[in-house]
Every structure is written in structure tokens, then in C-alpha cells.
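Chain lettering (A, B, C and D) follows the sequence in which the chains are written, and residue indices restart at 1 in each chain.
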Amino acid sequence: MTQPPVLDLATARDLCDAALAAAASRSLLVSVAVVDAGGHLVAFARMDGAEIAGPTLAVDKAFTAVAHSAPTHELAVAAAPGGPLFGLHAAGQGRYVIFGGGIPLRAEPGGVIVGAVGVSGAPDPADDTACAEAAVDAAAARWTRR
Amino acid sequence: MTQPPVLDLATARDLCDAALAAAASRSLLVSVAVVDAGGHLVAFARMDGAEIAGPTLAVDKAFTAVAHSAPTHELAVAAAPGGPLFGLHAAGQGRYVIFGGGIPLRAEPGGVIVGAVGVSGAPDPADDTACAEAAVDAAAARWTRR
Amino acid sequence: MTQPPVLDLATARDLCDAALAAAASRSLLVSVAVVDAGGHLVAFARMDGAEIAGPTLAVDKAFTAVAHSAPTHELAVAAAPGGPLFGLHAAGQGRYVIFGGGIPLRAEPGGVIVGAVGVSGAPDPADDTACAEAAVDAAAARWTRR
Amino acid sequence: MTQPPVLDLATARDLCDAALAAAASRSLLVSVAVVDAGGHLVAFARMDGAEIAGPTLAVDKAFTAVAHSAPTHELAVAAAPGGPLFGLHAAGQGRYVIFGGGIPLRAEPGGVIVGAVGVSGAPDPADDTACAEAAVDAAAARWTRR
């Protein structure tokens, strides 16, 4: 059996940089967090001038993406009134974030989760998601090359 | 580059007084909090007879306005089911308030955030917002005079 | 029966000023909090350059002084290993402070508690206590004059 | 008056690297956090194999160093039974760390605090402190060069 790729610090920092570059190219000020498969922080960076909510929300988005094996932007519908996970955002001692910006990192599409990236700071969370996707793409490129 | 104005204690107290005067003129009983750019309290005042929720909500409204670079009354729509930030009020360990009364203080319109004011106690949060706006106006008048 | 004096906002602000003046005369940078008989904040001021721990510790010292009907500097011995209140500082969801700076406000010596003052920021908590005592003296002077 | 140096992301990352290099040279596995003057995270890195306590403790050590304007290793004696700050570690909602690894960053010796570095993971916190000092030295070298 092939070992899943390790989310080491060097990789985590490269993923941060990929998300930061995506933010800069969109003139956004964001925080970026990368967590491991246990949901624990590996690397974090907050751009100059980015909101102080970032250290909380970027980390918690990444944590949520690992905890629920799903991108955070996919959780809102399920967590809304009438949805199967209604109330999810109020569980987990306030650490579950259900808007965009957190995406699991998988060794391969549909594969095991090895961590997650979380981005926070853009006025529209869809832009946080786009920055997080840049980090996910960077991970895919790196891990496919192996 | 011009330095942003400092939100010192003397200023923070004047901003409190401006909000308190606005409340008195409307026969409201409120609490007023002024925080710095890190979201930490600088000055606070609770009017005689104002609710004991004020020390929590006025401070957290000001904190939220700094943390999210936005007036708290603008967050409700985005944080409601179907909105882009649905669930925001349950994140941040319960410190994010998404109804009116918290407004960021900027060195100049569109400029860097140097703190925030939070008002709580009016039966209608729109009135808390109006009192907070009086403090924001007082800051603008002071900082434009420089 | 005589009514106990009310700890109104005007009084609370004067007590803050008394503590701030005592700090300034000692070249200390502190935060000062005044809470009511319910332990809820009435007035707060943080001097320019005072530590960001102040908004937490000054408020919690005042809260503790009301909650335990005692100056916070008297709690350390009882809360130490072997003392009758061993472990007190770990109770109360982390809001009980057992070093100096919090003092109850009484209508008269030995009288009913109408609130408390809390001071934080001095390197030596004995200096925080001295500043808090200045506020207590100001209250006594005001309430005796009635 | 000269403006204090800004603790921007580029600087914060360099300080992380200085602490990481110090850890590597000592064969230690640590986490490193750099926070701003408001105690909010700017940059973080956890070495491969470092404890999962690091994301909590490194960040909270840095926060504590800012909040109390002191290196965390200086707090233990004062916070022990019989010390002037006995019980400090139980205050602040559990975020104050009173063993070594957190050091404030000052613009100049004795100058204003612009942030802090926190290191966690070494079996002996004295080694965490040594790694943090490497970051402080890097900041001093950078800011003196200006």
C-alpha cells in the first residue's frame, strides 16, 4: 500500500504561500492556516492589514474541514433550518465554521484526508474559498509529482 | 506616510460621552465601549439603570466591528440562513455580535481601522447604532481637525 | 433604614479618576474597573500604554472582590495549598483573581457591599492595590459627605 | 517621535525561521508563534514531529508575553504559592502560560512592545526560551539596522 503524502511543514508553508499569492492577485487581505489530519495547526500567515478575526476563523475553518471531511462552504445548506445538520455551527464549542474558506487536503481525489487549509479575511467568503483552492491545487501538483 | 491617529484614553472617553449624550437625548439607557485596533477595551461606561447585558454586548459589538472590519448591523443579513456568512454569530467562541451597535473607527473614510465603538441597551438595536454613530462622528471631527 | 449609596456612573467615573491619578503619581500604567453589587461593569479606563491584560484582569479583580466580599490580596493565603480555599483561583470559570488590585466598595466600614474597584497593570500588584485604595478612599469621602 | 517598527508578516516569518533554526541546532522539535501588539497571531510554524500542544502553547505563550509585558519564564516565581501573582496561571480564561518560551518583542531595549514570540515543544522550557531568544535577537538585529 502506498503511504499517503505527509503534510510536513515545508509543504504547509508552500500551501500558505499559494493561498497568499492568490489573495494578493485579487487584492485581498487574508489569513491562511494549514492544519494536519488531527486538525492541529502546522503553518499560519496573516497578511499585513488583514483582519484580526483571521487567526480565529482561518484556523477554525481548516479545523472544521478536517472535522467534517468537507469544504466549509458545503456545510451551510445542511446546517440551515430544515437541513440534516441544522445547528451544526453552534456545536463544537464554537469552532465549526460553515461558510467558505476551509477545504480538506486529500492525498488524491477522493483519497484520505491529510489535513486542511483555511482562509479568512475577504469580504466575500467565496474569495476565501478561491484562495484556499489555490492551496489545494498546489498540494495536488506537489503530491501528483511524487 | 501619515501616522494614523492614536485612539488614546482621552479620545476614547470623549467618544463614550458622545454616545452617552446621544442616548440621553433619545431617552435610552445604554452601555458604551471603545476598543483599540486589537479589540481590547480602552473605555467603558454604563448609564444608571442600563441592562447588565451591556458590559458583555457593548464590548463584544466593538470587538466584532474591529474583527470583521464592518459595522455589526451589516453582518445580520450575511449571517442569516442563505447568506454568505451564515453561522458567523456562532463562531469566534461566542464573541461575534451580528446586530446593530458596533461600528469601526477609521482614521479617515475608508482608512485604516484604529478601534471601534460598541453600544448596547436600547430596545431597538437601530438606536444603539445611532448612538454609536454619534461617537464615530465625534472621532471624525476630532481627527479631521488635526 | 437608611438606603445604601448608589454606585452610579458619575461616582464610578470619579473612582476611576481617583485610581488613575494615584497611578499617574506613581508613574504606573494601569487599567481601572468599577463594578456594581452584581459584579457587572459600570466604568472602565485603560491608560495609554497600559497592558492589554488590564481589560481582563481589572474587571475580574473587581468581580472577584464582589463575589467573595473581600479584597483580592486577602485571598491568596486562603487559596494556597493547605489553605481553607485551596484551589479557589481555578474555580469560577477562570474569573477569580487572587492577587492584589480588587477591593469591595462598602457604603460604610463593615457595611453592605455596593460594588468594587479593580486595578491591573503595575508590575507589583501591591501597587495595583494602592491605586484601588485611592478609589475606595474617594468613595468613602463621597459617601460620608452625604 | 520615531515610529516603532512594524511587525509585518515578512518580519514575523523571519523571526519564526530564527527560532526554528535555533531549535534545529539543538535537535529540538518545536512550534513557533509570532503575535502582534494586540496579541493576535501573525505567523506560526510547527516542525515535523513536534507536539500537538504547540499550536496552543506557543500561541498562548506569545499572547501572555504581550499581555503581561514580560517573558513567561519570569512569571513562574511570582505566580507560585507565596508569590505576588499567585494564581495568575488560572486567570485570563486559561490563556496565561507561566513557564518559559514567550518573550515580548520591543522596538528597542525598554521600548514599546510591538509583539511577542512564543516557542513550545522542548522537554525543558528553558530550551523553548533559548529558541525564542534567537527570534528576539533576529528582531533586534533587523530593527537596529533601520
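One rule holds in what follows: contacts are C-beta pairs under 8 Å (C-beta built on N, C-alpha and C of every residue); 3 or more make two chains touch, one makes a residue touch a chain.
Predicted model only: the values in this text are computed from it and were never measured.
J.: Using the contact definition given at the top, which chains are in touch with both chain A and chain D?
T.: Chains in contact with chain A as well as chain D: B.
J.: Please state whether the interface between chain A and chain B is built from the same residues or different ones, using more than half shared residue numbers as the mark of same.
T.: Comparing the two copies, chain A and chain B contact each other through largely different residue numbers, since under half are shared.
J.: Nearest whole angstrom, what separates the Cα centre of chain B from the Cα centre of chain C?
T.: About 26 Å separates the centre of chain B from that of chain C.
J.: Chain A to chain C: how many Å between their CA centres?
T.: Inter-chain centre distance comes to 44 Å.
J.: Taking each chain's centre as the mean position of its Cα atoms, how many Å separate chain B from chain D?
T.: Those two chain centres are 31 Å apart.
J.: Give me the residue numbers in chain B that touch at least two other chains, ranges are fine.
T.: 37-40
J.: Tell me the shape of the graph of touching chains, choosing from line, ring, star, complete and other.
T.: other
J.: Enumerate the contact residues on chain A facing chain D in the complex.
T.: By the definition above, chain A touches chain D via 6, 8-9, 13, 31, 38, 40-48, 52, 55.
J.: Using the touch definition up top, name the residues of chain D that touch chain B in the complex.
T.: Contacts found on chain D: 3, 36-40.
J.: List the residues on chain D that touch chain C in their complex, please.
T.: 37-39, 66-69, 81-82, 84-88, 90-94, 96, 112
J.: Which of the residues in chain C come into contact with chain D in the complex?
T.: Residues 49, 51-53, 56-57, 60, 76, 79-81, 88-90, 93-100, 124-126.
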